[in-house]
Structures are given as structure tokens and as C-alpha cells.
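Chains here go by letter, A, B, C, D, E, F and G, matching the order in which they are written, and residues are numbered from 1 within each.
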């Protein structure tokens, strides 16, 4: 099943890339997709427990999340632009420091999304994840504040909440749900 | 002399490759660090590749792949419209050869490093001399 | 139609260029490796994506299967950049952190690698 | 059918054999040797076939790869000149193939229980076959760029073969790699200038295109020629570009040096001759450029330098490598004398020197195989211990010195005659001086091998300590003996070789 | 529009040269890596711009994609390499302080 | 065309006879008698083959056998003519005698590696005959080098430090001169003339400048340094470290005579007598030879080691021969050629005797040989006869050839050469006769030998006796060898 | 040394500048390079091989012989590096400087790699299959495919990749690639043509001779891709792990 889905996804990609729709090239496409599905079919879907209905839901929520993220990225870039082009001294505008927090997210993919989201959003960059503990570099105290404020394990920050809503809604129920 | 300078200016494209060639050649000979020598080697080869590829250039021509948009299969192919394919072909080969050599060179340097614990040529020479 | 499309193209690419400008100035101006990474990570991703979107839009000038597929491919590249760029940023950041590159702090100026090590809990 | 396909068979056979050994030798490493010998035997037969074809037909064979006509596709051109070189290469590789039976497993350890995937013996033979394919390919080709590709595959496999040696092999190989790349790059650059000026890569086509007043006056063409020359000179270790060779060949394993020393430099010399006369012309080289005034004295310097350096060496293999450097001077000088005798001597010496280098390297290899090193001291009393090896070495040494009827004499004959005719007295003197120095060098070894250790056995008369004969294994002796006899045969049949092959290949414009 | 693209390309190249300053200045290897990574990403764009200018973007798009992929892998590899080495930052620290 | 009374390939067979024996000798190494049988068989066959051609040659014919064309215009060719025949006859007949002597000598001293010794002996003989029958310079050069190399193991037979240095000197001189001088001279000759075949008219036509000729002449004369022309002579005394039979055969016959023969061949066959005379080349040769004759004789006087004294004597006598041929007159050339034979029999006798003394007493120095004549009468008598021949006194063959050379000098109007001959003969007498005198005519007290010293074994004294006898016979019947020399000069 | 090297470099530069004197003007459509052979290829390669990409046509057909050896060069480099870097067990024990071990997996990179690798591989195959029409072909496809494995190795470690693609298989396939190329050449030879004369494949493939050339080109490109893929990975594995084949970078 996962192999077949991979095959289908790959074939869509093939169609986009190929631009040749004669039988010869299509059959080459089928062969190619089969090869990829065979060789790397296990890569695309890491956990095999989730069924496809759940996955469709995730994809839908993820699209929403992406839109929000895009906006965040744009603000992040505006922020960078502002910092970079400021006439003030760096001492006045920057106050970088490194901090850690423990994430509630369980699946690697969710952690990955969270990490990259942190990186792309204003003021923070993920340095590493070790056993669910994120080490983050913040460019100013204010930027960090959002992520750092929580010492309480029960609490969850804004970013993590949004990611959890996409991939692991059950976490939100355990931690007290949406704020 | 004036003619000569004129000619040099007329072939400004050669300067880049000659400069790269000189840098690479110098690094290959003069650098003490084996890795830097190898980098020099790569620059040297790249310079030659640049030289060849620059030959392929034709004014007002495009890449040497038949443009389907112009329906060229039906009509006679306009030679002037395409850059020369041959230098590209040759350099594809040269690049591959360069990469192969680079790989072998790096493998040998690893071995040298393991044997002498250094990749500085003078230090290796000293060890050998002992 | 074409004028609007061109306007979109110019807008997207120009904003992209602007962010790229921010990135460039940022990595030149920011005081330490970590802060530079901020500029590089965010600015590079978005500016690249925006310019790519601009070119994808430009393909719609002559809409046909071929050009649509090209636009699709450009989008595909943008998706790739979206995944790859923050990942690369993280990898470089992690390498610098592991290498214990000295950090800059507003209070003390440069913090030596010892402090970084302390923060890492070693 | 097979007749007409021989030109490509000699190249594809070793290539395919490399792959077959690679694939089949994976399971059974012992199989590699047999496959290898089989392939080399077939190759030798094909090489003889092609030689016969050329001699019988009296014209060059053209083979169009992919069926594409000459300047557009790549063609193989086999004429009197390279059919001889091909036969030489095939013979050397076959002989070394036999020879390698014991030496390769001894020097390149077989797979053991604990090792992950070395399979070095298999890889050794694969590289060996690739080297042969490269050498034969570059000898047979009629395309200047194809020559570069094949030169590189030959060199690359050489790096592998050399790096399998011991001790300092890696550093020496690295230096070789850098120099080899410089050489190849210069060649490529030269070809680039030819290409930009003519638009062609086919040698015959280039020859035609270069045969105009404009081209002959062109500075770019002159510099193309210079670049190509420097390139092949580096590859053949022509003085003063020789620096890499002694180190690289000394530290190589026995089989590698037996294989590479006779072939690599000789084939490079062939390449130089081929390019001088088949791309450029005798008229261009000798009359328009007239560089023989510089190159022949350089060759003389190479000879003297090589010989004198050899004189100072304690390690026999190293000594031989310097002799190789000197011998390159012979051939380059001969080719640049600009007359028929010089040309004949140079081409004949490619054959002769290939075989005699093989002979002495094999003999020294056998000694070091038995005694564990290749110093002069290892030769002590070798005439008693290894009589056959000693005789083989003796024959090789005589050839190197130039004692008739070994082939070395005849090449010197033509070279000296050519030098005399060209009035190149320095070169003539260098030839004679090097013969003398070779005599001293080899005589010193022979003496060491002939006399017992004076510290052990005093006085004359009764040598009670009967040294036990400990000859090298038969797999080494047989090729050695064949090689040694070939030195005499090549000498005795020199007239036939010259009349039937070399004289037909003399380029127009030589007097 | 072609003119605009050429201007865009020129601006990109200009910025790439600016980025090159960071590559040259360092001070640590990893600082240089930042610059190289950015230049690589922007080269992808440059390829597409060239393709557009030549009206053969359908051909250049594959090259651009390849370049983007390889650039990612190269950056990743370099980062991994220096992460493993751990000394990349230390070596340069003296320079930073002085 | 007359039918030749022998096989076409006889010269080749004669050359090969001893070469074929080599493997046989080598294989029967552990059965000495069988081994020596092969040596004798080969010697006999060889001598027979040479003799079978003798009458044909004496009748004024020459026989050519072309074996193999080796270079354009140059073949491996055997030519049998008077000069070659003369030399071949001397060499092959003396081989048999030397073999007898060798057996006695080697077995008496229980030498090591006898098999090797006999093998290389045989190879050397082949090379010698090859030189004798060479039809052109290249063939000659080939066998010349073969001889140099195959005698090396003989010279260094003892394989001790002394042998090594002697052998080193030996090869150094021979190879360096042949490669450094003779080879280029040959090549230049070939370049100029396009041939290397021997021709009694010479190969250089008109128009070769005298400078080139002189240069070539010098290169040849010094290039074939087996002839021991000063200053390239010092290998010869050094090579005396060899066992005596080797010294005897090789240094009285094979090696040195090959050198002389080669030079003779070149003077007569490459330059040609007429050219020599007309271009005054003969004067140059004569001056070099005369110098060597006188100086070597003087050195010989001062040697106490018998073999070394003989060696320097040889150096002088070889130059006699060159001097004779160098006169470039009929009588001079004939005398020179004949002297090869005369000196060979005389000198080999002397060497045999020296060896016999060594075998019997272990003594090598002349000063230790006082009174030996009483203990070894036959040996010392043979020695006496041999020295007469070398000095040129009756009744020994040496006188005949010397007289011819003297007459040749007169014929050539070179009276000063006469003086050289006379002075040198006087010196010869001065270094030989005192040995004989002290051997026989010392007082009882002076004698250094005890009564138990006896003659050496039969194998050791018989050969010198035979050669001494032949020396005397040659005085009465010089035409045995003179005939061949005269054949060469027919028509002059 | 440095002065001499600099001197040599300058001499080289000057010589080349002098040579540049009578070269054709850059971009001149009448220059020999543009006219002599190249114009033939541009004019005829489509009608003779039905490959619109002139570079591919020349690379794999007109000069396919070069390309075969180029593949062999890669193969050669692969086994050379492998042979050089692998050590015998005995030697491995001592003399190995300890390398810092990387702790755990980097979730971020791993996840990104999992997403990218399949797409990359498909793209590689696309590049290989479309070499006739767009800039691509065996080398390019092979490089990308090989790079996809390298990406995986960077994200996880070498062992993971080698458990997916066994080293034995990898090496065998690399040889197989060259064999495919040379084998097609030999097949043409058996079908009565010259070596690499793909038009002879027409009888087997049941197409016209021109199309047979096109298919022949694809065939050899597949061979090239196989070799390049495997050797890319092999080179990375050997070089990055120093022949230990354990972790990679």
C-alpha cells in the first residue's frame, strides 16, 4: 500500500517533469517510478501505523499551517531586514542567547516540522534536537520569549501548539488544549 | 606591438582561463599542503574546461539542443542558431576524468595522512629522509 | 493581462531581491556566527522562493501544457528549497555549535567557547 | 568477420576481461589469474593477427567506431608503426600475466576471514586489464582527444597499481598523480589549441588542415605543439620532467613495476612520434620549427643524467628506473634527429627497450621475490642460488649495454648512425657514454652476483659452503626466459623488423 | 521584461559578490560555509534567469533543480564534516579576538 | 666454378663445434671423465673441420658463407681466407693441447667449479674461431664482444678479491674501448661507405679526408684493446690472476691474438694496404706499435712474477705483429701474420711451463726459481725453446717471422723500425735468458729446491714439450703457416 | 621553490597570451570550431540518430567510444580508491586515529532526507531518460542518483545506506554498467556492424536504423548511469569513512 502510494506520487511528479506523453516515455516513467517505489518506498512514510484517512486530515491541516507559516516567514524576513539595515549599533538591537526546551511532540516528522518552523520564524533558529529537547538560538530576548517563557511542562508554546494541531492533536488534549 | 595589444584585447575571454590556469599551476607546484595541491589541480583542470567551453560559444546562438518550438525538424536546421556541441561533449569527458583523478588523489592523501600523520609535504619529506 | 502578470512577476522577484539584500547585509553586519545564521536561514529561503514563484508566474504568459509543466517544475524547486534550506541552516548551525564557535553577547562582547560548552552542559 | 574486427578486439577484450574478472572473481579469487592469462593470451593472438594483417596488406587498417566516417566519429588507425607497438604491449602484458601468478598474491594479500571486502587480487587484475585496454587503445587510436581519454584511463589504473606497493608508495604515487595530471592537462591544452584553430580532432584530418602556410606560421599551432610535447614528455619522464618516475617505480610492487616500467614510457614515446609525424609533419617539426637543436641536446642530457644517476644507486630497482629515464632520452633523441636512421633507431628502441626493461625488471623482481629486497647486496652470490634468473638478468644487462646480438646493440646502431648523419655529436657522445656507464652499472651487479661473500668464504679454491639453489618458481622463470630469448631474437631479426615494419612507417620528409 | 531579468540577474550577482566577502573574511570555516551555501542557492536562480533570457527555460530548469539538490547536499556534507571535526571553530577563535 | 671439397657451412660448424659441447659439458658436470671427453671430442671435431678447409685455402681460394642478413647491407658472414685460416688453425690446435694441460692443472690443484671452467673455455674458443672467420666488421665485433664476456668467468675463476679486481680491470678496459671507440668507428665507417665487408682493396674510396681516416685508424687500433696497445694494455698483466691454462691459451692465443687479428683485419681489410701506404697511415701505426714494443719490454725486465713478466712480454710481441702489418708491405704483412702463429706456439710454451712450475712447486716468482732446471728438466728445456722462439733465435720459429718483418721494414724504407726490432730482441733476450741461466747453472748452494721436487704431472709437462717441439719444427717448416699468409698477399 | 613556481606560472601565462594572438575572435560563428565538425553534428545528428540533443548524440553515438572509456575511467577510479583505502584486518587494529562518534541521529536532517531522496531519485531517472531531449543523460542521472544515496548517508550513516544497497551489489552493478555499455557495442559487432554501431540493433528492436541508434544511446546511457551511481556512492563511502565503511561524514 505504502509502496503503491509512493508509486502514484512519484508518477505525478514524473508527469510534471517529463513533458513527453508518448507511450515510450510513459513506460519509461512507469519503470522509473517502480524503481523508486521499490528502492525508497519506505522512506516517504516513516510511521506505518497511521492510516490514510488520518493522513489526509493531516495534509489538510498542514496546508493551513503552511499558510500561517508563510506569513511568519515574511515577518521574520522583514525583521531581519530591519535589523540588518538599522543605523543603530548592533549592541543596541541584538541580545542573542541560547536556550532549551522540552518538546511534547513524539513523532520525528512533527519535530522536524517544528524545528524548521522555528528556524524560519522571526528571531529563532533551531540548533539541535536531542531526545525531544530543542536547543534554540534566539537573536533577541523578545524573540525568545515566545518559546522560552514556559517552565511548566504542562504548558505549551504557540508554535508547538500549531504543529501539534496538525500532527498530534492528542497532545493538546493532554496538556489542556487550545488556549 | 599595438597590433599585439589589440589582439590581446580582442581575446579577453582567454584572460580568465589563463589566470585560472596560472593559479592552478602555481598551487600544484608551490603549495606545501597536499590538499591545496589537489585543489590547484582542480583549478587547473577547470581552467582548461573553461577554455574548451568558451570555444563552443557562437554569437546569437543557444544551447546545442534542438529547439522544438521552432519546428526545426521539418525545416533545415539553422547551424548558426546553436552553440557547437563538440566542446561540450569533450569537456563532459574531461570533467569525469578530473573527478576520477580527484577521487584517487583524495584516497591517496588519506593514506598518506594515516602513514605520516601529516599532509604537509616538507614534513613528509623529513619523515622519509629519516 | 500580461501587464498584471508582469507586475506580479516584478513584485515577487523584487521583494525576493529585497530580502536577499537584507540577508546579504545581515551576514556581513551581524556580529557572530549564530546571528549571521539567522539572516542566512530566513532570508535565503524566502528570497529564493519568492523569486522562483516570480519565474513560475512568468511562465503563464503563454499558457500551454509545456509552460505549465515548467511552472510546475519551478514550484517543485521552490518546495525543495522550502524543505532543504532550513535543514541546511540547522545543519550548519549545529556544526558551529558543536565546534563551539564563540558567541557574541550584547553585555560581554564575545563569549569564549568555554561558555558555550558550559551552556551545553559539558 | 573476426579479421575485420581485430582493431577493436584488442581494446575491448581487455576491457571486457576486466569486467569479467571483476564480476566472476568476486566469489572465487583464485579464478582471476586464469581468466587473466586467458584474456591476455587471446589478446596476444589478436595482436599478432593484426600485425600480420598490416604486414600482409602493406597498408594501414582503418576502423570506424559506430560506423561513423573519419573526421566525425572516432577511428582507429593501425599502421606499421603502431601494430608493432601493439604487439610489444600485448607480449609484455602476456608475459607479466604469467609472471604475476606468484608475485601478486604475495604482494597483494588475498582476502582473509576478517577482512571486509578487500579482494585486492581481483582488483589488481581488473586494474591490470584496464591499463592494458588503455595502453592499447591509445596506441591504436587515430583521434587526438580519444588519446587523452585512454591516456587517462591508463594513468589512472597505474595510480592504483602503484599505490598497492609498499612503504612510500602513497607519497610517490601522489607525486606521480600530480605530475601525470599536469602532463595530461598540458596535452589537453595543446589539443585544445589545435581544435580551436582547426575545428578537428581526427589526426589525419588535423594533418591535412595543418598543412597550410597560415597554420604553419601560426603562433597558436606552435604553442599547441609545445604544450603537447611537454605533456607527453611529462608522461614519459623525459628529462627534466622525470622527477616523479624513480620514486614511483621503485616503491611499486614487483608485478606493477614489471608491467608499468616497460610500457608506460614506451607508449608515451610512441605517442610523441605519432603526434610529431601524423598530426604535425616532419617538415613542420624539423624545418619550420627546427627545435631539434634544443630537443636532441636535451635528450643527450637525459641520457647522461639518467645514466649517471643510475650509477649512484644502491637499490637495484631504483637504479633501473634511472636507466629507464636514460632510455627515454635515447628514443626522444632518435625521433628528433630528423633522419631515417634516427627514426628507425627510436622506433626500434621502443620495441627493444620495452622488452629489455621487462627482462631486467623481471629478473630483479625474481631476486627480490626470493631474497626479500632489491638492494645490490641481495644479489650476492645469486649466480649460484638462482642460475636461470642470473642468466636472464645477464642477457637483459647485455641488451642494456648494447652487446650484439641482443637488440640493444641494433637500436644503438641506428641511433648512433642517425646522430652521426645529423651531426649531433653531443647526442652521439651521450649514447656511447651511457653504454659505457651501463656497462659499469651492470657489471657491478654481475660481479656481485658472481662472487661469493668475501667475508664468509676466504681464499680461492675450495668453497665448502655449497649454496643451495633456490630458484624462482616456474611461473616466473618461463616468462623470464622467453623475454630473454626475445631480446636475442629481436636483435637477430632486426633487419626483418625494420624492413617489414619500421621502414614502411617512416614519415615523408625524413631523409 | 528581458531587460528586467538581466537587471535582476546583475543585482543577484552583485549580492553574491557581497556574500563572497563573508566567505573570504570568515573568520571560521563555518562562517565561510554560510556564504557558500547562499551563493549556491542563488546560483540556482541565476540558472533560471539565464534560461529565461535565452528563452530556453525548459532546458535550464533541470539544471537548476540539479544544482539546488547538489548544493543542498554539499552544504549538508560540509556541515556534517565540520560538526564531526569539532575543531573548526576553535582554530579560528584567536583571530576573532584579536 | 670448382666444387668445394667440404660442406658449405663448414665455417659455421667449426665455430659451433665447441658451442654445441657446452651443454654437454655442463650436463656431465659430476662425471669429470665424460666431461673432458666432450671437450676433446669438440676440439677434435673443430680441428678437423678447420683442417678440412686448409688445402682449399692454400690453393688460393676463399670460402664465403653468409648466414643471416642482420642489417641492411650487413650480414652475419663467415669468410675463410688465408689470414683467418692461419689464426683458426693456431687456435684450434692449441685448444686441444691446452685442454690436456687444463685437465692436469685443474685436477692437480683440485680447483673448484671445473665444469664452469670448461664450459666457458669452449665458448671462448667458439668466439675466437668466429673472429677468425668473420667476413665483415660487424660479425667480427659480435664475436669479439662474445669473447670478452665469456673469458670473464675464466679470468676471475678463483673468485677471490684479487680475481675480482683483475676481472674488473679486464672488462673495464675491453668493454669501454670496444664500445667507446671501436663501435663508433665502425658506425662511422658504415655511414661513410655503406659496407663493413672486408676487402683487400679497402672500403674507403676516394674523397675521405685524411683527418677522418686518421681518427678512424686510432679509434680502431685502440678500440680493439685486446691487442694491448699502450696505453690500453694494463688489463693484460692484471688478468694474470687467472689459472695458468687460461693465461696460456687466452693470453697467448685467444684473447690477445684476437685483438691483434682484428686490428690486422681492419688494417688490411677495411683500410687496405695501399691506402695505408699512400696516406702514410702506416707510419702512425708503426709509431704506436714501436712505442709499445719498447716500453713493454722494459717493464717486463723489472717483473719478478713470472706470469707478469710473460704478460708484458706478450704486450710487446703483440705490437711486433701490429708493427709488421703496419708496415703495409708484402713481407711485413706476411711476417706479421705468421708471427701470430710463431709467437703463439712460443708463448704458450712459456705459460705452460710457468703453470707446471706452479703445480709442482707452488712458486710464482722468478727469484724463487733458482736451480729449478735440475728438478724439472723437461719443463725448463721447453721453457728455453719457447724463449728462443719469442726472442727470435734459431732454431725456433720466431726467427723466421721476425726476419720477414725486418725485411718488410727495409722494403718500406723505414729503417728506424729495424732499430726497434733489434733493440727489442735484445731486451727479450735480457728478460728471458737469465731465468734459464739461473734455472740450470746456479751453484748447489744457491738452488732453492729440495730434492723431492719432481716434474709436474704428465698432463702438465707434455703439452709444453709438444708446443716447444712444434716451435722448432716451425723453424724448419715455416710454410705451414707462412703459406696462409702468402695466400693473402698474392698478386702484390 | 615558490619563486620558481611563480616564474613558471607567469611564463605559462605569457606563452598562452601570445598564443591567443591569432585565435579566432570569441563567439565568431565562422570559427573553425563552429564550422568544421560541429556544424555537421548540428545538421545531421537529428536525421541520423533522431536525438534532438546534439550533445547527447555526439557524446553517446558519434563519440560513444570516448564515453565508454569515460565510464571505464569512473569504474577504474572507484576500484582504485576502494583498493587503496581498505586495509587489512591486521593493520586496521593499530594506527587508526579515533574519530569522534556522532551521537544519535539528527531528526531534522533525517526527516528532510526522507522527503527529498525519493524525489531526487525519480528526478535522476527522469534526467537519464530524457537525455535525448534535454540536458541530461547517463552521467547526470547517475550523479544525481548517487547523490541521493549520499544524502541518505549524510542524514543517517553509511551503514544505513549500505544495508539498503549492499556494498557487494553496489560494486557488482558498477561493473555491470560498463559491461552494459561495452556489451551493447559488442552486440552491434555480432550483428554485423562495427563496434558501437547501434543501427545494427534495428534487427533486434524491430525499429528503423535511426531509431535503433536512439535506443542504443539510451541503452548505453543506462549503463553509464549504473556505473556512475554506484561509483559515486562507493567513492563517498570510501573517502568519507577512510575505508572503514561505518559512519561516513
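By definition in this document, a contact is a pair of C-beta atoms (placed from the backbone, for glycine too) under 8 Å apart; a residue touches a chain by one contact, two chains touch by 3 or more.
The structure presented is a predicted model; accordingly, all values stated were derived computationally and were not measured.
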item	value
Chain-contact steps, minimal, separating chain C from chain A	1
Chain pair with the higher count of C-beta pairs in contact (B-D, D-F)	D-F
Distance-maximising chain from chain C - centres being C-alpha averages	F
From chain B, the most remote chain by mean C-alpha position	F
Intercentroid distance (Cα basis), chain G paired with chain A, Å	35
Chain centre separation (chain A, chain D; CA means) in Å	62
CA centroid of chain C to CA centroid of chain G, Å	31
Inter-centroid spacing, chain G versus chain B (mean Cα positions, whole Å)	17
Residues of chain C whose C-beta touches two or more other chains	21, 23, 25, 37, 66, 73, 76, 80, 83-84, 87, 90-91, 94
Sites on chain E at which at least two other chains make contact	58-59, 62, 65, 69, 72, 76, 80, 83, 85-86
Residue numbers of chain F (touch at least two other chains)	none
Pairs of chains, among all present, that meet the touch criterion	A-C, A-G, B-D, B-E, B-G, C-E, C-G, D-F, D-G, E-G
Complex contact set, residues of chain E against chain B	54-56, 59
Touching residues on chain B, where the partner in the complex is chain G	4, 7-8, 10-14, 18-19, 21-23, 25-26, 29-30, 54-61, 63-66, 68, 73, 76-77, 79-80, 82, 84-89, 92-93, 96-97, 99-101, 103-104, 106-108, 110-111, 114
Chain E-touching residues of chain C, taken from the complex the two chains share	6, 9-10, 13-14, 17, 20-21, 23-25, 27-28, 33, 36-37, 40, 44, 48, 51-52, 55, 58-59, 66, 70, 73-74, 76-77, 80-81, 84-85, 87-88, 91-92, 94-96, 98-102, 110, 112-113
Residues on chain F engaged by chain D in the complex (per definition of touch)	68-72, 109-112, 138, 141-142, 145, 149, 153, 156, 158-161, 163-164, 167-168, 171-172, 175-176, 179-180, 183-184, 187-188, 190-191
Touch list for chain D against partner chain F, complex	398, 401-405, 410, 412-413, 416-417, 420-421, 428, 432-433, 435-436, 439-440, 443, 447, 450-452, 454, 458-463, 492, 494-495, 498-499
